[in-house]
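So, here's a batch of structures to check.
Below are two complexes that have chain A in common, paired first with chain B and then with chain C.
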Partner chain A sequence: MLSFVLIILVSFVFTGIVIRTKSLASGRKGPGVFQPMKDILRLFKKGAVYSETTSIIFQIAPSIYFASIIMAILVLPFGHYKGIISFSYDFVFFAYVLAMGKFFNIISALDTGSSFEGMGASREALFSMLAEPAFFILMGSLALLTGHTSFQEIFMTFHFGSYTSYAIGTLATFVLIIICMIENSRMPIDDPKTHLELTMMHEVMILDNSGFDLGLILHGTNMKFALYGALIANLFMGNLPLYYSIPLFIFIQSLFAVVVGLLESFSARFRMSHNAQFILVLSSVSLLVFFSVLMVMGKFN
Partner chain B sequence: MNDIQFLLFSLVSTVVGWLFIAVLPSDKKSVVNSLFVFINALLLSIPAIHVINGNEINYIFRNVGFFGDIPLRIDALSAWFILIINFTSLTGAIYGIGYMKQYSVQTKNLTLHWIEYLLFQISMVWVCIVQNSLVFLVIWEVMSLSSLLLVIFEHQNIKTLKAGLNYLVQMHIGVAFITVAFLWVYIAQGTMDFVAIKDFFAVNSNIWLFLLFFIGFGIKAGFIPLHSWLPHAHPAAPSHVSGVMSGVIVKVGIYGIFRVVTYLQSDFVILGESMLVLSLFTGLFGIINSAMHRDFKKMLAYCTVENIGIIGSGIGLGLIGIGTDSNVLTVLGFSSALLHVLNHSLFKSLLFFSAGSVYQQTHTRDMEQLGGLIKKMPQTALIFLFGAIAIGGLPPFNGFVSEFILYSGFFKGLWSQDLYLTFLMIFAIGSLAFIGGISIFTFTKSFGVIFLGSPRNQLHIEPVEVPFHMRLPQYIIIAVMLSIGIFPVFYITKVMAIISTTFPAVNLSFLNYDFSIFTAISSIGIYALLFIIVIIAILIVRKVVENKKVAVSSATWGCGYVAPNVAMQYTGKSFSKTLGKLLSFIVFEKKKYNELKPNEIFPEARRHSALYTDFVEFRIIDKTLNRLLYFMDLFQFIQNGSLQRYILYGLIFIILIFFGTYLSII
Partner chain C sequence: MNYIEVNNNQRISVFSIPVLEYDIFADVIANFLTKDIKYHCVNYFGFPEKGNVKLICCIADDSKHSINVLSSIVNSNDKLQSITTKHFALHIFEREIHENFGIDFIGHPWQKPVRYPFNRADKNNIIANYPFYKIESEELHEVGVGPIHAGVIEPGHFRFICNGEQILHLEIQLGYQHRGIEQLFLEKKNLLQRTTLAENIAGDTVVGHTVAFAQAWESLCDFKPSEALQFERVLALEHERIAIHTGDLSAICTDIAYQLGSSVFGRLRTPIINYFQQWCGNRLAKSLIRAGKTNFPFSEQLAEKWFEVINAYKPDFKEMSSEIFDMPSVLARLEKTGTVSTETATSIGTVGMTARASNLNRDIRFSHPAGFYQKLNYQPILGKTGDVHARAKLRMGEINASIELITKMLDKFPKHDIKENVMESPLADSFVVSLVEGWRGEICHCAITDENGELKMYKIKDPSLHNWLALALSVRNNEISDFPICNKSFNLSYCGNDL
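On to the complex of A and B.
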């Protein structure tokens, strides 16, 4: 419950912090951290325009996407406090429920019959598909290291380990950050601020969404950021008491938002054709985590 | 009636069914066929249900002439497959009533078709009952031949006939392997009862005999590199047949492998590992090819290959579990395999049926010709969508349950003592995640291109929604699928009971103190339901919010371009092009076009076509065959058509025999 509330709270300001960081980095003052949320609220109030080509899929897809993210958040623990949903191998459920949302996101883009949105859909489908193994290998390694099989047990035990667990934690953080960037289609995979439809991924998929639906999708992205931020925070919180862990959680989330902002300010987007290779490299970083886990466990002797 | 009488009565009812099908007018044949399929399904399922509830059937016909003893045995494993076969055959038969209406003028052809359908169902079930190797082979052959005749219903079409021949030849290569394996057992043990296989395994190396069986049954099941009949036969067959074939006939191959696995006595680890690796490659290969093809029935056929890979990985994991004395792995592996057999038979037949509805209405299997069908055939679109979600292994449907169990097995396997196994497991986890990812890619593409957007081509006849009796069996399948997705524990307890009776060595007692697996499985059911509730809640909120506003309709945003047309829509080909390029070492794109000549000032209209070819079929099988043909051609002078020479050959042969016997060489 705690994690759910905190993640929802963080999601309200996450993108705001990212945008603020980017503004500051480029020498502007920038909007306040609540601006993205205000935009979304405005969208909720606005009417919608639907393409004549679209069908019922286009109408229900954003809601299913949003629901999938809520389900995924329910799975996440807060340190040693269980999430609302917790069972063995809940991370498989986590990944597949997110994939379900993505499924609908993709077909809703194809529903518009546009020449551009299919392109975004194809890219999003391809890149997020390539990132799947990285997440599973990472979770497999952490499960192997800790001897447990649910998010909460893994994160609780992970902290108890030696200093090497922090080293593994750092690698894992790297993997999670990149997966988060892929899932949310941000730099260096995709540039949300590009103005050419041909070079977009996520933005071009939702070109035709408007009003309430667009609000849901945009806030879905915010929540996804907070979601991955929470995963990363969990790597370091372990079983600290609440008066340490809540500030730590908020600190890590803000730090993550700042890192995303800096990453977006100072890195260029990859060439589209190189994205696939980059994402595959991510799987090998996951494998690196796996090998270090094996080494820590002394399996190579 | 007792169970044996039920079984035997099914044979009688089949013959009666044939008579009815033969004499009734062509529009009644299909209805009568479904009626008799239903009767047979009842007759055969009642004993199977008894078995699942704990009374195994073991009845032996003594000294039946040349065959010797013919044991009829139904254990829980057979019963599970029998129930699956009956369910899918029945839904296929009901769907077929509507699907075959378009062919009602071909009376004789239809008679043969429905007679074969009845035979097909009964032979598949009896394959799971009879345990005498000779009788088994006969029934196996009846099954292959009846399915062949079902496949080549449209035999006027040369491509269909070719696919049929391909199927015929490959099935017989399979039979050859199975026959050799049975002969080997017979020679070593002197009995044709299946129990002899167990005795054989107890004293001999397990690897070689298992390999023979595996190749034989694997051709039916479609493991790579033995899968190449699937992508030809499934598109060629009428859709209710493709649904049943893909849903259950490949599962009969799995049944064969499972049956042999129950007899194994040693070498578990090596067999399990090989099977796991082969299955993972099968899964990857199947789904990668599936993502590329534009013929939607071919796409589904390759997807069957992928699912066979998933089932095979479960069996492999189970074998590893037996070999390493890890009951958890055995139970998780085998139960995921058995459950996935059920799941796949459900969603694959569903997908083939809905694809068949599309084909019936549009008369094309090329998804690039379609688009926007959701407006014309909304229910078929919805059915296909449910099938697509289920096959992608996404919650809240059933595909997720079996994949979840398989994942949990792989994760459990990480803690194996053997480092090599740990590596294998992480490879398996990565591959399974990759397979899941590409299957989402494939099915978003297929669903999007066939049903969404605007129509890409003007069709001759406007497609309309198919009649209710074609949709009904599909809704029944969806209901069963949802029941598995939401109440998985019911099914998983059944499956575990099957495993504990089929593999007495497996000790299920660990489940009494390790509840985590059951809790996890029941949790995914509960949370699948919760997921549906959350979706509905959000949709209600959306409805309430939207009701206050006016929705405006307008054209799709074309980035300022004012005259967009349907040809500018993103196509399936371009959707999968990037993936195809990335994996171009597995899927080869073959392009056909004429280069523009330098002196061609006004270029003529020209065609450009590109298709993807199967690595195994074109790079391995065809190449080998070409070499073989080249070698055979060297001896063509022997067969030269001149009668005199042939008589001479005969003479030489007789002389050889004569001298051979005279000098007592022969």
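On to the complex of A and C.
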């Protein structure tokens, strides 16, 4: 319950912090941290316009997308406190419930029949497919290391005792940050600020969405950020008491938002054809985690 | 003689242009263009004369600083042998003549409409029923972009045929901005109205087009501008170049999502264009250039202010430009993207910045200097690779060169101490070609007067007319997601093409 409430709270300001960081980094003042949320509230007050060529899929997809993210948040623990739902192999559930939301997003983009949206959908499908092994190799290694198979148990037993666990923690954080950038279609994979349909991935898929639906999708992205931030925070919280872990959680989330902002300020977006290579490198970093776990476990003779 | 040799802005009698049989006319043009790279066609147009169509072709000779002019009289029902088959650069001019007068060019690969002018020969040809180029295949897909631009700049339709993410073919369809400017030049009789028209040919090349108009008009009137007037025009042209090139660098950074570059160059551009506001009250330099006079004489205070603006600009520009041309993630996007080889650039007749980035030396400031440029001895900067990186880097080089040029000019500049001569009205039966190197490239204005000294024909050519094809060819085999930066690296004018 605690993790659910905190993640929702953090999601209100997450994108605001990212945008503020980007503004400050480029020497501008920038909007307040609540501005993205105000925009979303404005969208929630509006009705949606549906194109005549679309079917029911286009209308239900944003709600399913939003719901899938809520479902994923439900399984996330907070330190040693369980999430609202917790069971063995819940990280598999976590990954595929998010994938289901994405699947509906993709078919709703195809449903519009626009050549841009089809292009965006194919890109998004490709890149999230490539990112999937990285997540599972990482979670599998952590499960192997701790001997448990649910989020809560894994994070509870994952201690920073030795140098190797620091190394694993660092690598895992890196992998999670980049997966989050890919899943949310942010830099350096995709440029969320561009106005050019031909270079977009995620933005081009939601070109036809408007009003309430658009608000759902935009806030879905905010929540996805907070969700991955929570995963990262969980790596470090372990068994800390609440009066340490809650401030730590908020600190890690803010730091994560600032890192995202800085990543987006000081580099150019990758060339589309280089994205696939880059994402595959992520899987090899996960493999590195896997091998170090094998080493720690003494599986090598 | 098959042609008459004139200089830039030199007025000649319209009767002194040799009128040839079309076959000879075509031969002479083809001979020039295929003979040497120093020849290129700056303008080739037709206009109605006594029920027939008179064709006039102007071929620039870069080494002799002259322009060879020749003409021919044909009938609009004629079927003529196309010169495009021998030299491809003429394709756009023949398409225009075909569209305006219905003359058929035999052997022309594709007489595609240029801009759907209001007075075109075949009124049934409209954008709505235009048959786009198609490739039948299960593997390929078409993507149509526009005519409303994603950044809401200017309208143009781009039709891509793609194999997955790779572009096989791009067709560009323009004409949405057609305002009939050439016709308006003839209808509006007042000089101020005409100057305002020239200022509005392309909003980003106000100085370039207005200088071309002013020079053409002054030559028609046999008016010799004072040195101070000539100096101001060069100053304005170079300052416009700095402003627009800086803005383009910012836009290139935006398109590759490099936020820092985008905002720093954007910030740097503002004081530069604001300088025009201090000078003449308009940021785009409208009302600055006038034929035969100036309403805003340049002064010592303005010179001081210019140094103030540039001294604030230079260190930041230097830092940011060395930053972007050293950053791996930026270079990865720019290098080997949207390449136009020197051969392609030559064969399709690109001009200006686009040509120079592909190592093709086309610069009017060097080849046909007029006015104050004759004193400056400007040496063009050339790129080698012809890709987006070369065009971005050329912009940086040209900004530095322009700053250096203006600094040198301001060292000791001519003052308005003598009164300008009085400008009479245009002389009868005259012809003049005016070439100006705008920031985008070679601008060509041709004017012809009738027996009463009234304008009979006013022909405008923006460099974009040649260069749009370079964009279409450069994106082939590139990723479709790289199209926006290719497009931005050329930054061609839609309204300059549509007129």
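Operating definition for what follows: the second predicted complex is superposed on the first by the 298 of 301 C-alpha atoms of A that agree within 3 Å, B and C clash if a C-alpha of one lies under 4 Å from a C-alpha of the other, contacts with A are read in each partner's own complex, and residues count from 1 in each chain.
Operating definition for what follows: a contact is a pair of C-beta atoms (placed from the backbone, for glycine too) under 8 Å apart; a residue touches a chain by one contact, two chains touch by 3 or more.
It should be emphasised that the depicted structure is a prediction, and the values quoted were computed from it without experimental measurement.
**Student:** Between chain C and chain B, which one touches more residues of chain A when both complexes sit on the common chain A?
**Tutor:** It is B that touches the greater number of chain A residues.
**Student:** With the two complexes superposed on chain A, say which partner A:Arg28 touches: chain B (first), chain C (second), both, or neither.
**Tutor:** Once the two structures are laid over each other on A, A:Arg28 reaches chain C alone.
**Student:** Where does A:Tyr81 make contact in the superposed view: on chain B (first), on chain C (second), on both, or on neither?
**Tutor:** Neither: A:Tyr81 stays clear of chain B and chain C.
**Student:** Touching A:Phe212, do we find chain B (first), chain C (second), both, or neither?
**Tutor:** A:Phe212 sits against chain B, while chain C stays out of touch.
**Student:** If you stack the two complexes on chain A, which partner ends up touching A:Ser283: first (chain B), second (chain C), both, or neither?
**Tutor:** It touches chain B, and chain C stays clear.
**Student:** Kindly classify A:Glu197 by the partners it touches after superposition: chain B alone (first), chain C alone (second), both, or neither?
**Tutor:** both
**Student:** By the touch definition at the top of the document, which applies to A:Phe266: first (chain B), second (chain C), both, or neither?
**Tutor:** second
**Student:** First (chain B), second (chain C), both or neither: which does A:Ser63 touch?
**Tutor:** first
**Student:** Once chain A of both complexes is superposed, is A:Ser115 in touch with chain B (first), chain C (second), both, or neither?
**Tutor:** both
**Student:** Residue overlap on chain A between the chain B contact set and the chain C contact set?
**Tutor:** Residues 115-116, 118-119, 197 of chain A touch both chain B and chain C.
**Student:** For the complex, give me every residue of chain A touching chain C.
**Tutor:** Going by the criterion above, the answer is residues 22, 25-28, 115-116, 118-119, 187-188, 191, 193-199, 264-274.
**Student:** For the complex, give me every residue of chain B touching chain A.
**Tutor:** Going by the criterion above, the answer is residues 371-372, 374-375, 378, 381, 385, 389, 392-395, 400, 403-404, 407-408, 410-412, 414-415, 419, 422, 425-426, 429-434, 436-438, 440-441, 443-445, 447-449, 452-454, 516-517, 519-520, 523-524, 527, 530-531, 534-535, 537-539, 542, 545-546, 549-559, 564, 566, 568-571, 574-579, 582.
**Student:** Which stretch or stretches of chain A touch chain B in the complex?
**Tutor:** Chain A reaches chain B through residues 44, 46-57, 60, 63-64, 66-68, 70-71, 74, 85, 87-90, 92-93, 95-97, 99-100, 102-103, 106-107, 110-119, 121-123, 125-126, 128-130, 132-133, 135-137, 140-141, 143-144, 147, 149, 197, 207-208, 211-213, 216, 276, 283, 287, 290, 294, 299-300.
**Student:** Can you check the complex and tell me which residues of chain C touch chain A?
**Tutor:** For chain C paired with chain A, touching residues are 141-145, 150-151, 165, 253-260, 262-264, 267, 327, 329-330, 332-333, 337, 479-484.
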